[in-house]
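Chains: A, B, C and D, in written order; residue numbering restarts at 1 for each.
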Amino acid sequence: MNCNKEKTVAKSIIAARGGMTLLSRDEVNKMLEMGTGSVHALFRKCCLAVLNCDAKEDDAMAVLSRYPDFDVKLLPRERGIHLEFVNAPSQAFVDGKMISGIRDSIFSVLRDIIYQSSEHNDGNFDETTQSGITNMVFEMLRRGEVHQFGKTPNLVVCWGGHSINKVEYQYTKNVGYQLGLRGADICTGCGTGAMKGPMKGASVGHAKQRIYDGRYIGLTEPGIIAAEAPNPIVNKLVIMPDIEKRLEAFVRLGHGIIVFPGGVGTAEEILYLIGLLSHPDNKDNPYPFIMTGPKEAEEYFRQIDAFIRFALGDEVASLYEIIIDDPEKVAIKMVDGLERVKTYRSDKQISYYFDWDLEIDKGFQFPFVPTHENMLNLNLSQDQPVNILAADLRKVFSGIVAGNVKEFGRKQIQEHGVYKIVGNKELMNRLDTLLESFIDQKRMKLPGTEYTPVFEVVQ
Amino acid sequence: MNCNKEKTVAKSIIAARGGMTLLSRDEVNKMLEMGTGSVHALFRKCCLAVLNCDAKEDDAMAVLSRYPDFDVKLLPRERGIHLEFVNAPSQAFVDGKMISGIRDSIFSVLRDIIYQSSEHNDGNFDETTQSGITNMVFEMLRRGEVHQFGKTPNLVVCWGGHSINKVEYQYTKNVGYQLGLRGADICTGCGTGAMKGPMKGASVGHAKQRIYDGRYIGLTEPGIIAAEAPNPIVNKLVIMPDIEKRLEAFVRLGHGIIVFPGGVGTAEEILYLIGLLSHPDNKDNPYPFIMTGPKEAEEYFRQIDAFIRFALGDEVASLYEIIIDDPEKVAIKMVDGLERVKTYRSDKQISYYFDWDLEIDKGFQFPFVPTHENMLNLNLSQDQPVNILAADLRKVFSGIVAGNVKEFGRKQIQEHGVYKIVGNKELMNRLDTLLESFIDQKRMKLPGTEYTPVFEVVQ
Amino acid sequence: MNCNKEKTVAKSIIAARGGMTLLSRDEVNKMLEMGTGSVHALFRKCCLAVLNCDAKEDDAMAVLSRYPDFDVKLLPRERGIHLEFVNAPSQAFVDGKMISGIRDSIFSVLRDIIYQSSEHNDGNFDETTQSGITNMVFEMLRRGEVHQFGKTPNLVVCWGGHSINKVEYQYTKNVGYQLGLRGADICTGCGTGAMKGPMKGASVGHAKQRIYDGRYIGLTEPGIIAAEAPNPIVNKLVIMPDIEKRLEAFVRLGHGIIVFPGGVGTAEEILYLIGLLSHPDNKDNPYPFIMTGPKEAEEYFRQIDAFIRFALGDEVASLYEIIIDDPEKVAIKMVDGLERVKTYRSDKQISYYFDWDLEIDKGFQFPFVPTHENMLNLNLSQDQPVNILAADLRKVFSGIVAGNVKEFGRKQIQEHGVYKIVGNKELMNRLDTLLESFIDQKRMKLPGTEYTPVFEVVQ
Amino acid sequence: MNCNKEKTVAKSIIAARGGMTLLSRDEVNKMLEMGTGSVHALFRKCCLAVLNCDAKEDDAMAVLSRYPDFDVKLLPRERGIHLEFVNAPSQAFVDGKMISGIRDSIFSVLRDIIYQSSEHNDGNFDETTQSGITNMVFEMLRRGEVHQFGKTPNLVVCWGGHSINKVEYQYTKNVGYQLGLRGADICTGCGTGAMKGPMKGASVGHAKQRIYDGRYIGLTEPGIIAAEAPNPIVNKLVIMPDIEKRLEAFVRLGHGIIVFPGGVGTAEEILYLIGLLSHPDNKDNPYPFIMTGPKEAEEYFRQIDAFIRFALGDEVASLYEIIIDDPEKVAIKMVDGLERVKTYRSDKQISYYFDWDLEIDKGFQFPFVPTHENMLNLNLSQDQPVNILAADLRKVFSGIVAGNVKEFGRKQIQEHGVYKIVGNKELMNRLDTLLESFIDQKRMKLPGTEYTPVFEVVQ
């Protein structure tokens, strides 16, 4: 599994399988038109990320710069579209032939990028309305063929950091193994760490149980695919258009969610889910939600729990369960929860394949832009419904993530100094303490770098 | 296989399979809205035709009138859409449970009618342009899942009359049997006679060769489904929006065509295909085209051949081959032809699944309305390209079919008398002779009825 | 489906599939040794019978004499055994390639003849004991892979004449169709008539219900395979060593039996089954047993019923049901019966795949040799258990069949005159009447020939 | 994957799948008779070994003693045999249900032990002749359904130590991964270390290539199954009767062999294979044979190579290739070799599934009993054919293995002192040096224990 990063395969042609063998002339023409424009640039970038599968680094730009001569072209053929690669990373090939799983991922990329670009132009989905967005999310997943007819609810979404330590990584594998033994399928955000561990564990569990059709669904988006390339276990890959649609895909497609340790980004996801599940319309929806980690992660979850209870009240704590260092218990609880999901959906005649009934607030479907003004204007008053407060608290974490690592956020900080976050004294103290503890636990940055805070809590 | 026509099953609910289990909320809502409008009426009519499968009569109106209390409703369920039938014909059920093949056909009807209606509203296809029509035809077939990956060109379209005699019917079975033995799949227009015989024969041939994935594709349209309900062998059913798109589907989807004896309608189809293949752009396209029948049908094909040679020249006769009373030879020739199709498409990189390259003239894609004026204005001069003349000759036959049996045409005749057809003397004599011979051979009307001509040849 | 009987294919090699690809060197050597001996003669004869599939005649000797140059050789190859045919009947081939279904049957013949010959030599089964015979029957069926895991009892055995008239043949198809619609599989004795009709009907029913794994099991034996070659629908073929083991295979493998009209041979089978089911040890075994035919066959069954009631008592009549002219009712009753079989076996933990518990009397397992002495010594006294009397009555019919058509029996008659059958006056009168009625109904001989009785009832 | 070794499941019943659902009454009776005798004791022991899958220790007796209340009984049921377990190790169960893969292994154990015991009694195989033994080996593998029709030669046997270090274990995984990427299947001797690593690696390679039918064949024998329980990846398990038949199964079933580092046992296997391949009758047989390991193992192979070259001559060194620290090269060379095997067998029409043509000398088929006398009498003279000398050299290593760890051998040493090995001076010096180096490399015993030599080289 050793990769010589600069070694390339000069020329290689692969043939489509499945749906991509059957395209209309219009669809083929649209693809061929990609030759020069921005869609082609995007496609090239995503292909390179997928082909560069086993590489260690997560800097998309760096990857691209190391393969300046890489290119990909479309060729229409009598049995469907073919792709020609020029100077592609050699680790994607065995004896000059592209690895089948990588080929499948490449065609998932092609499918999603083409359809997104074509549908955007055709105006098939109204992305300005909530139902338009939800329909688009559904359509992307349906095209990705992530559903499996005849199965009852068994899809567990796993969230968590992708640069976790070895003990935590092994723990995610153990949980995945216990889930796999019990027939659960896994959905994560691609990439490594807590995204890969549960799939790897589940694949061993499936093998022991002679389950040959296990699903390892990866949901990613163009902005992140280069940094978090699909790990080789992923057998269903969908590239969602943006972060918000990806989150919506997770919660409507999955039947339960497990959160492993992570950084402030994981905290953001936790608040997203709490905000969602605490919406009054969702209160009967039995959504299994478990936070878990090894002994070492106990403090992390304890602090998050304490903060949530203070900020949003003890009732919201009933939405989740924290289980420390017990993979088997996590799996048993999750499988019990899936049973309740099945009963609920069956009684209420909600699709097993996509939870149309889950109410997602506008504040969660439309992106939050972390300008200083927007950060300052967040309403962190406790005199409002918990789901509304949760939404704005999530934006706090979202802004901090942006300020830490995203291009836009870092530029804001450079120009205007640290973000100011306003709220009542006690809540702000607690928030400050939580964020300080993340810094202490080295969860704000990759190990080995010093963290400089990008925010200031103002009372 | 005895049907008590008035016996019904009071209430029955069936669950969708395959693609229909996975619908977006929008799609379900569109379906539920069908409750009252014209789409529902169309859906109800087509369902009744499919359920009334084994009945002998071919009068759609009569069928509907005998089941005044029949209805069908949609029910959204957690595992996909369900259909509830009220007072449905009992022959579609075994011990109260709908026959699986009929259930599949019902969901094909639902799929096609819903998508057509929804796409018409959404304006996804531009039916005013040729490429828009062709794209729509392709999309309908793709949705119908009629393609089979990995197979080389093997789909033989069979045309011919649906009320042929016993000897001719047996002959169509024999040809189908020889094709099936050689691995060919069959596509026809549903219904009985020459539409059913080749499928039945092929299914025996497939069974002997242990071919378990044989395709028996039925292409129909709403106006004809009641009269020609899908025979029980059909395992892929697509309801095309109208006659012209159905013809286009036949010629682009199929890899070769066999024409069995029929009436004036079959003559029309022959001229359609000749017009198509004699188009200069199609002259390199190796389209296998065989007319065949038992000894008894020799005269029929001899006269058609003579007429074509006189009207369009001997060269066009090289487009087809007439084989009398030799099913094995028909199959061997056809299979040879399929091999040439494969080579051609492979060389020119044309899809095996849909012949995008076949040039179809505007005159064949847009419907011909048989008013007296239109009939009179047909240009039957021999001083024009053969494919153009073929197109107008086809319209002559089309008009006569309409005057014979279609509601619109018969009304025209009642109000304005017989159609007048104008052309040069010799051609008109020949046409007259040909049509007279159809009358003599009792091919103008169902056996047992006297034929009153609806046309007059004017020189 | 036209056969030029003298046309042959000069040379053709086919490769084994499935189990025959994996033979030990010993097994291959045993096969190769067949080159000259009697096993080879038997194999050659059976191959020819199978290859001569669609021929009309049923005289094995005639078939062999028309293909004097036919031969078959074994070739060991790296992927399993191959067979080389010389001068084989051309109707088994399509464009020089053997039809797949026929190839499968040929390898079934090879398998059964080789194993029988080899096991006979190895002494694996003790054919002198009842349990030895039963074990051998089981082993033959297991090797024939006639079982289907996961299916509940659904195998209906159909008996009846193979030279029935058109009305009766159509009726057997209709019954098969109704059974197929209800998911039943069919087992018959190969050949045409009532052996083919139910399979043909069932295959249509299965197709309509989208059942792709329907079983059409043919059980034959070397002495009869040439006369009753497996019809093309048979997809599981087993050649049992002799008539008695074939009958045992029918009753232990099947879950219910339908008897269609036939001749005196069918009467023999009816008495076999009555004798079996009236055995005290079998009285709780819920074995569905239906005699059925069209209107025209009513008299046939009425007379058999009357004779049985007189000879064996009214109680035995409760073992069977006679249904006239109602295929749907036959199927519904049979399916009900299969449900009872399932419950019974499940409760008593008897295999679904083979009814080990059915008690078969010695008189039914060992062959009856119809010499004049044996015929004369049959004990037809009514002062004995009905199952014992039934056994001897069966032998009466068996002897008459032999005297009518079998080589041994006809020779006996030529040398010693007609058989004498002794019993009490009234029973003998009834028997005489029954046999006279078979003569009147032309069920003793093929249509068109005059029947000369081979027996005389003596009081 | 945590095992509480003393935790048990009080009672559990599992149902057979596949072939074990279809047994004759005789077969079932034979199984039920196992209730008390030695066959039952053997079956119980092997079941316990399989159920105790993830345990770390390799002492069979210790395992048995920790589960004194464990038992297993057979129950005949209507759908095939069932097994009832009492007080079985809990790690074989998930939420009270036995893991599917373990269930499959249990039924493999049942199958092989029953058939061996029954065939031994029936005398089906003559174990006193070479061809009798080979036929038995074939029959065991055929029953184990280890073959896959349609695949060309792709089965790579991996040998090596089962208690290798981490670096070596990782290396076996890497080689397996490279083989799996190239579509090779893996066969090993069950257990951990070099037996598990290649399977684990190959399973990842198969997953990446979307190969879903990869074979992970484990060949074991009753004496070793407890110490080397089938690892969970094994999906085809066969329990051969003894060590010699197991070795024969490896070399006839596999298409190439890779040897990883091991101890003196591995040296024995290397000499077995060299003796086999240097037999004059096998010299054209292109048997791929590669020794490989990481950098750390270079010395080990260098010394073995040197010893072989000295003892048997440089020509035998052409039978194998030594590749150090290059998994990809190993896989490429092996796949090339498989291609040659395919060509060879195809040309010579030798079965792909079992190499009947490989000549195995008597000295390799019958067991060697390591008494002092036998050891002393070994002929280590270099004045004899290399394959004969190789056979006796193998026995030297075999005896040392026995003296080191096997019950019989250790007893011999206790009673009679160390083995004496006689040969010419230089050869004995070289042998001594080789064995000393194994001691230095800690390959004679498990790490952490001091090795006391059991042999003495005498000149």
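Heads up, the rule we're going with is that a residue touches a chain if its C-beta (ideal position, glycine included) is under 8 Å from a C-beta of that chain, and two chains touch if they have at least 3 such contacts.
This one's a predicted model, so the numbers in the text were calculated from it and none came from an experiment.
Once the centre of each chain is set as its mean CA position, subunit B and subunit D turn out to be 64 Å apart.
As a whole-number value, the distance joining the C-alpha centres of subunit A and subunit B reads 49 Å.
Counting partners per residue, subunit D has no residue that reaches two or more other chains. In terms of inter-chain touching, the protein chains here make up one closed cycle, each touching precisely two others. Here the chains touching each other pair up as A-B, A-D, B-C, C-D.
Note for the complex: subunit C touches subunit D at residues 17-18, 21-22, 24-26, 76-80, 122, 124, 131, 134-135, 138-139, 142, 147, 149, 345-346, 348-353, 356. Subunit D contributes residues 1-2, 94-95, 99-102, 104, 174, 177, 181-182, 203-204, 207-212, 232-233, 235, 332 to its touches with subunit A in the complex.
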